Amino acid sequence: MKVCRRETFNSAHRLFREDWSDKKNLEVFGKCSHPNFHGHNYALEVWVDGEIDPETGFVIDLKILKHIILDHVIERFDHRNLNLDCPEFKGINPTTENIARVIWNILRENLDSKFGIEVQLSETEKNKVLYNGN
Amino acid sequence: MKVCRRETFNSAHRLFREDWSDKKNLEVFGKCSHPNFHGHNYALEVWVDGEIDPETGFVIDLKILKHIILDHVIERFDHRNLNLDCPEFKGINPTTENIARVIWNILRENLDSKFGIEVQLSETEKNKVLYNGN
Amino acid sequence: MKVCRRETFNSAHRLFREDWSDKKNLEVFGKCSHPNFHGHNYALEVWVDGEIDPETGFVIDLKILKHIILDHVIERFDHRNLNLDCPEFKGINPTTENIARVIWNILRENLDSKFGIEVQLSETEKNKVLYNGN
Amino acid sequence: MKVCRRETFNSAHRLFREDWSDKKNLEVFGKCSHPNFHGHNYALEVWVDGEIDPETGFVIDLKILKHIILDHVIERFDHRNLNLDCPEFKGINPTTENIARVIWNILRENLDSKFGIEVQLSETEKNKVLYNGN
Amino acid sequence: MKVCRRETFNSAHRLFREDWSDKKNLEVFGKCSHPNFHGHNYALEVWVDGEIDPETGFVIDLKILKHIILDHVIERFDHRNLNLDCPEFKGINPTTENIARVIWNILRENLDSKFGIEVQLSETEKNKVLYNGN
Amino acid sequence: MKVCRRETFNSAHRLFREDWSDKKNLEVFGKCSHPNFHGHNYALEVWVDGEIDPETGFVIDLKILKHIILDHVIERFDHRNLNLDCPEFKGINPTTENIARVIWNILRENLDSKFGIEVQLSETEKNKVLYNGN
């Protein structure tokens, strides 16, 4: 049984490697490398996999999962510049893949190890990723 | 190959254990335990896993799947109070997890055993569950 | 210029007139009159019509509008039974039309009279209403 | 890590076997077999499974995936009649299952074999399929 | 007070004038003029404007509105070819604008004249029209 | 008759007045004033009001409207920082209201004066504005 909580955050970012020239960044990352950043409404789905607790009927209380997501993910990234404000992306290009992996790692540290975790992250209506830790 | 049919139903419920005090119900289930019930537009996705029939090109005729869902799930739960009207939840707290499991069991009895079944049930825009019988 | 804030609430209700027989209630309101209630995820859009404040660039600060909606509408109706718990519907059948009118009146009392107000309320994916006070 | 690109196309089709009588086609496929065709807005999600490239932070550059989908799928099927215009469906009933399998095969030929591929195809808001090549 | 009912239908069509050459049809209507048709999932919102009936709390019973739409619109156009199967489009190019006008006229004949009517019709996720009879 | 075309763009911005202290900006604009910007997926609906051309059946060819929007709006603002990259917002706080007004003015210059124009702009799933030039 898997349960899912959805939250959103709004961040600025650019795709960019410091060790590449501006020309190469533009060739590879296109308009996503524009120097003054752009931004997205990220939609995050956190799926937690576990057994139903026979006492409550919950896999995990979604109120608790919500607060873990708000305190450890949304609080850090919402209304922030992922490149400039967030040490989690020091030396890491904030592609949707890398953001999902960072979020998965944060959640892994904050959720009981008995739970499996999957993170689905949408960057736009057309682009999204899914990461389960493997 | 998996195919999916989506249907919706609108029900009242409350989260509540009869063997707990009102105080404990409120502590654990919060506003979901309010005594006079609240309700949801449940969105149900039934995924059926099987081989494509080479004659029709269908895994299962979705018109048939639709009628199985309408007759055995929607007819029972739509515009009903899950706690009071539905014997399926006698002694079972109608969390989204438990509703999904009850629906999965109903569908399992009404679909050929050659098919795998997954049930995704959304309670709100932010909360949903996925159950495959394991 | 109109601005809009969207919020949701989850309530139980039934369509029912005390002065009608059960038979007549069932004839007119169908399954919506079932005695033990059903429920919905109501989606509320509040549109506020006004001039852009040249100082802030806002018609109204949507953080303020959000808190007015949360404090005066969501707090009253979310996870409640509209028929039993909410004095606003004493003697008023909680159709989507009447719920929208009650909400419009609440907002009218809590928003500066310089603003026009429109309320769009969705009961299901297929049914919604729009009310502007006229 | 899986990444997804969503595109849409609008096609006419009918469900129909030439070796069946009109009567049998109508019995099995119902209104989907009407002789003058009907049509759909198909929504296609292409999921690609692979490792994150440590240099770019991408599993696959979604701009590249987008162009593969546009050139090899959308260009062939968009604003076309699947039964009459598309040799891919010669002798194949264009059910959603079969369309998804045809698309999966096209993508398999055009994507590096190191990637896993899943195709989700929605025919309507209520009907969709998922195919991963098995 | 306005109330809205949403229904969908799936049709084939092409944009085409018989009195124009194929070349001119292609110049003006592009891929929408392809000879073997394409199709869409049309989403129809019917808005009805009127007073709340103090007895029922309804502007119009949406069950009744639903059946008027199903019987007079969906029944005629769903799983049909608008150009070939529907006499309503004899000599009328089935653009979204013209389909909306045809539907508005059908509803006008079938709804009490005390009601105002607006028809919103979506052809794709990106294109839609709104018609109120003027 | 109104017709609508929907397009999206992804931009960074901050709410901020240069003539205010950082403290006052933070008091009024909250986290929207964070110095390193955040961003959004803006969803733009352009509604054009006019007569149906009896020759084509179009109010305006939506392919033409699409290209006007892409060339004059999306090209300028997509993957850009509204505060730093876009002279249109020199001295203008990029609230959703002001962005909608800027877009309306751009479209007004690029569309025949016989057409009425309305711009609906969504900043998030919960916040949007509508502007018709008055």
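To keep things simple, chains are lettered A, B, C, D, E and F as they appear, and every chain counts its residues starting from 1.
Assume a contact is a pair of C-beta atoms (placed from the backbone, for glycine too) under 8 Å apart; a residue touches a chain by one contact, two chains touch by 3 or more.
Computed from a prediction, not measured in an experiment: that's the story for all the values here.
Peer 1: Trace the shortest chain of touching neighbours from chain D to chain F and give its length in steps.
Peer 2: The distance in steps between these two chains is 2.
Peer 1: In the touch network of chains, how many steps separate chain B from chain F on the shortest route?
Peer 2: Each step joins two touching chains, and the minimum needed here is 2.
Peer 1: If you tally contacting C-beta pairs, which comes out ahead, C-F or B-C? Let me know.
Peer 2: B-C
Peer 1: Are the two sides of the chain D and chain E contact the same residues or different ones, given that same means over half of the numbers occur on both copies?
Peer 2: Same; most numbers are used by both chain D and chain E.
Peer 1: Can you give the whole-Å distance between the Cα centres of chain C and chain D?
Peer 2: Here chain C and chain D have centroids separated by 41 Å.
Peer 1: Could you put a whole-Å number on the gap between the CA centroids of chain B and chain D?
Peer 2: 29
Peer 1: Two or more other chains touching the same residue: where does that happen in chain A?
Peer 2: In chain A, residues 125 touch at least two other chains, as defined above.
Peer 1: Can you name every chain pair that touches?
Peer 2: Touching chain pairs, listed by label, come out as A-B, A-D, A-F, B-C, B-D, C-E, C-F, D-E, E-F.
Peer 1: Using the touch definition from the top, list the residues of chain A that touch chain D in their complex.
Peer 2: So the residues of chain A in touch with chain D come to 15, 17, 28-30, 92-98, 100-101, 125-131.
Peer 1: Considering only the defined contacts, which chain F positions touch chain A in the complex?
Peer 2: Listed in rising order, the residues are 8, 10-13, 31-32, 34, 36-41, 78-81, 84-85, 124-125.
Peer 1: In the complex formed with chain B, which residues of chain A make contact?
Peer 2: On the chain A side, the touching residues are 1-7, 47, 52, 55-59, 61-63, 66.
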